[in-house]
Amino acid sequence: MSGLTRSPWVIHYDASSCNGCDIEVLASLTPGFDVERFGIINTGNPKHADIFLVTGSVNQPNRDVVRSIYEQMPEPRVVMALGICATSGGIFRECYNVAGGVDTVIPVDVYVPGCAVRPEAIIDGVVMALGILEKRRLRLRQDAQATSGDLRIERATAEDIPEILTIQKIAYRSEAEIYADQSLPPLQQSLAEITHDYERMVFFKGVINGKIVASVRGYDNGQGTAHLLRLSVHPYFQGRGYGQRLVAAIEQSFPACRRFEIFTGHRSERNQHLYGKLGYARFKSEPFNPQVEWVYMEKQRS
Amino acid sequence: MNSWGHVLIRVLIYLVAAPLLGGLLAGIDRRISARMQSRVGPPLLQPFYDVAKLWSKEPIVVRRSQNFYIIFFFLLTVFTGGLFFCGSDLLLVFFALTLSGIFFILGAYKASSPYSFVGASRELIQVMAYEPIVLLTAVGLYMATGTFQVDAIWGGAFHPLKALPGAHIPVLLLPGVFVALLYAMEIKFRKSPFDLAASHHAHQELVRGITTEFSGPTLAMIEVAHWYENVMLLGWIFLFFGSCWPAGLIACAVTYFLLLVVDNVCARVKWPVMLRSAWGMTLVFGFGNIVVLSLLK
Amino acid sequence: MGLIPLLIAVPFLIGLALLLITRDCIRKPVVAAGVLAVMAGSVLLAALPSISPNLFQLPLLQGVVNRELANRAMLIVEGAISLYLIWVGLRSSQWQKWLIPLLVVGQAALLLPLELGGGHHPAVAQNLFCDKFSIIMALIIGIVGGLICLYALGYMREFHESHHPEMPDRRNRFFAILFIFLGAMYGVVFANNLFWLYFFWEITTLSSFWLIGYKGNDESRRNARRALVMNLAGGLGFAAAIYWQVRSGHPASLDAMIASGAAVALLPAALLAFAGITKSAQLPFSSWLLGAMVAPTPVSALLHSSTMVNAGVYLVLRMSPILRDTTAGLLVASVGALTFLATSLVAITASDAKKVLAYSTIANLGLIVLCGGIGTPAAVWAGVLLIVFHAIAKGLLFLCVGVIEHKLHSRDINDMSGLILKMPRLSIMLQIGMAGMFLAPFGMLISKWAVLKAVVDAQPLLSFFIVFGSAATLFFWVKWMGVLLEVTQPHANVERNIGRGEWVALYALAGLTFGTCMLFPLLSSFLIVPYVKAQYHLADFSVMGQGNVIIMIIMLALVSLFPLSFLHYGRHVKVVDPYLGGANTGQGNQFTGSAGAVHGMSMQNYYLSAMLPEAKLMLAGVVLAGLLLAGLLLGVALV
């Protein structure tokens, strides 16, 4: 074990919690639980912290704060969502001023449910986080040449699938908001379904400091056309060109195909703009349900 | 005694042993503190794990040059300790320590964040609070032993006041200076009630004060520098016992324990209280002692 | 004509010539040539290995100038000055109306009979002399003073053209006085005859009076008169010292005084130390130096930090063999120590850069006076070293502040935040100067080490003032350095349109600050140690052991590695925002407050003004120092 796993320093932030979880976090510091036994210190300073504990669903003013604290933590770092509100938005999920769970703002590594979350569960979660921290540290050391924060794009493996599903569901929340429709397929997909997808499709993932932040999948229809779908980038990392790089990478992996096809909703202007930039042009559209119409776009390999 | 080889060996021993000892002390410190709060506390080697962890973290800064100051803070602190343990001039040791402290403060100023700025300002007040008694320590030891050379004081070499009973142990001539220095030690060790610039404990109004903007390897360097410094500070206590080293060792242990007790039973004070009381102690006990000593002469 | 009379006379002549030159394009080469001349002369004086006091004895001077003639000329000039000062006094208001003429008349009443009496008093064998101390002072006057004159060329142009267009351009008079002042300073440090010394002394007082009042507004005139009154009071002490020395049948010369020792010369020595204390603006006379800060910055640098105020401590240090181990010496030392402590504490509360520098100047002069009062060889060694380091570093600091004031239109320290971006080179020089003022292993700290050692050996109780004063010194310098370094938002570089003369002076002084520290062992062994040995008739003398010198040099080497770290600037680090509780806006130090409002922030230092009330502290200092000096003068009167 390295020093990292013996000395996880945490920073705790309440993103709009009812304070139930906060009290439990602080309770873990008391003599009854004494997390300092494990070298855990509550630093109150992102620059010193390894683990970011967030309680409560994230309301709108706190989006920037949570991002800012996350940004100021040095790698390797791990984010833990404590309590049911932080993991999914909880009972505040549909609230007008709530963005959702923590993972709608920054990538989350460990979800600890509970209302309120128990100190034992917190400590258990931290132990889980330690494994992730250690993995990430080794990963960072491996690609010491690459500067930290660089996106690495590679083929996903079977064990990445649950994480990719998480990213997909986070990324497609904004789509659901556009159409006010939670029934969009990417949001409804189950682990069994995506595992089935994995058996017949090529999955690509975008990784930053050991954390999957984006993915795309695609398959060859056997007639020279590759269908690409479910391009997802975590909201925190959107607008950095990662989507373009992923699509370019997956296109490369179908050398036999001359034509590429991709589809999105008719009101998803950002997506259409992105695909347009990549050389895709609209060629047909068909209704999916009364609210949503799929727009199909294609591109010929030059 | 003072051959170059001899000095070199002492410096080497210091360079290796001081951080080990300092880290261990910090571990003992945290464990005893935990026990005082009826907790179990971290493992004894926890400070070493912390530093190893920090060393493996990514370097982040606010201002690109802020870490340079810390590197020199580290180098100068180590250098100061080296000066002290190879037995050179006590005044120079104090001046060099001040220099290293100033690099630390300037680094925090450079980081330009409000928390580190306030931390730096408070650290500066702390330096101003303990500087007089530190210098008076040198003056007192000089009056008691006739020399500024650490080596000679340890050796108990020369005492102009030999006629006085107990003159071979400086602390017997300098009880006031010693008491005032103990008071200043509470500041130097960054313990409550004087942990104004940077507290060991979280959730204070200053975040982490002077170290707020330093992270990863730089923070590790600051920690190790403090280990070096703490060992040297205990060396100062030791110095008061001249050649009587068993008493010196016991005094160091008792002092450290005392600092811990005070740390655990006191709440942090505001800076004016610290400055006034530290200067008051210096004036009454430290300078009073000097006055008495000069009358005895 | 010998080198020394030339050194005194040439600046006077250049000064008179400059009075007639009103065009800047002619003034420039003349000033530059004059500066080169004084620098070359001073360096030559120091460098000639064959120098011995004999070389400059009377015959050399007499060959050209008739000694009697010189005395007569001085008498006439002195008389003219006295009449002028009486006229100045009569034109001023209230109490000064009486005080100034009274002081002038008092001096004249003491000295005129002696001077007119001619042969009645023992003749002075040598009017001028030259030892290592004089050479050190001459080097300071020539090099530091010369550089400041060079700087003044560009500074005064900008002063008149951009900043004070409403003021009449009297630059010809300004530069004339600067050079006359330089000549007078050479006179002060080379004069052996007390009458001559007194003559040059009065000229420096007069120059200071003129230059403080240069701006011509009410404030500057008022401050100029205050400076005049206090310096004239010192002059009265000086005159009394001469009167006593002559009346008691001893030659009125420095070497005779020092040779006769404390038993004979203690009384005039105490009076001369009193004169020195006024000139060096020690408490209770400190207020004139603070008032003198209204003058243009080159004046503050030249007269009020690097040279003229040094004349005061020069005299005190000259007297130290006599003052050693006497009550008078202890009183003088106490005044110095008290001044050091009080002004260092008060400097914490000041945010005006020039005021901080002024307080720090007074404080450092206090330390030197302390050395002079203690008067042991080690103390004198430390005192001379302090003069050297202080003159260079403080000159540099004043010149930097002058440029900064012109560019930022403020000399408030709080406005210097981010200076490292606004004026990178100047802020680095400012840092060097400050490091030179208080940081180990730079110059002042070497001296402070020696002072503390000397004090503990001689008078341990005075260490009280030093330990607390040093702590305060550290505080106000470091907080200033911090402000220069911190950067909260991007700034444009405004370091433009700074004249070549100004850069030359700044670079040279910054280099000297560093160089004198590097070469301080040489400075010590070639100039200061021989002086101390000769003065105290010691066969063997050393303050600092070789080991300590080596440690200092290692430290200096270590610190000079610091700039090298900037080669690594910005590599392998990720830059993030400062921690603002997560409320960052991504724009420097702005944060989002409640209801989404964006706030900026600024950071201010501690000034501790509630704990250290400036007026009360200074008053206490003035009263205490006044009592000490009253004791000194009372002692004199009783004897």
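The first chain written gets the first letter, and so on, giving A, B and C; residue counts start at 1 in each chain.
Please note the rule applied: contacts are C-beta pairs under 8 Å (C-beta built on N, C-alpha and C of every residue); 3 or more make two chains touch, one makes a residue touch a chain.
Keep in mind that this is a model prediction, so the values were computed, not measured.
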Using the touch rule from the top, work out which pair, A-C or A-B, shares more C-beta pairs.
A-B
Would you mind checking which chain's mean C-alpha position lies nearest the centre of all protein C-alpha atoms?
B
If you average the CA atoms of subunit B and of subunit C, how many Å lie between those two points?
36
Centre-to-centre distance between subunit C and subunit A (centres being mean Cα positions), rounded to whole Å:
67
Whole-Å separation of chain centres (CA-atom averages), subunit A against subunit B:
47
What are the residues of subunit A that contact at least two other chains?
45, 47, 72, 74, 148
Mark out which residues of subunit B touch at least two other chains, giving numbers and ranges.
58-60, 207, 212-213
Quick check: what residues of subunit C touch more than one other chain, meaning two or more?
574, 576-577, 579-580
In the complex, subunit B residues that touch subunit A:
30, 34, 37-43, 46, 48-60, 202-204, 207-208, 211-216, 219
Flag every residue of subunit C that touches subunit B in the complex, lowest number first.
439-441, 445, 448-449, 452-453, 456, 460-461, 463-464, 466-468, 470-472, 474-475, 478-479, 481-483, 485-488, 545, 547-548, 551-552, 554-555, 558-559, 561-562, 565-566, 568-570, 572-580, 589, 601, 603, 605-606, 611
Please give the residue numbers of subunit A that touch subunit C in the complex, ascending.
13, 45-47, 61, 64-66, 68-69, 71-72, 74, 148-149
In the complex formed with subunit B, which residues of subunit A make contact?
2-4, 6-7, 9, 31, 34, 36-39, 41-45, 47-48, 50, 72, 74-76, 137, 140-141, 148
Contacts from subunit C onto subunit A in the complex sit at residues 574, 576-577, 579-584, 592, 596
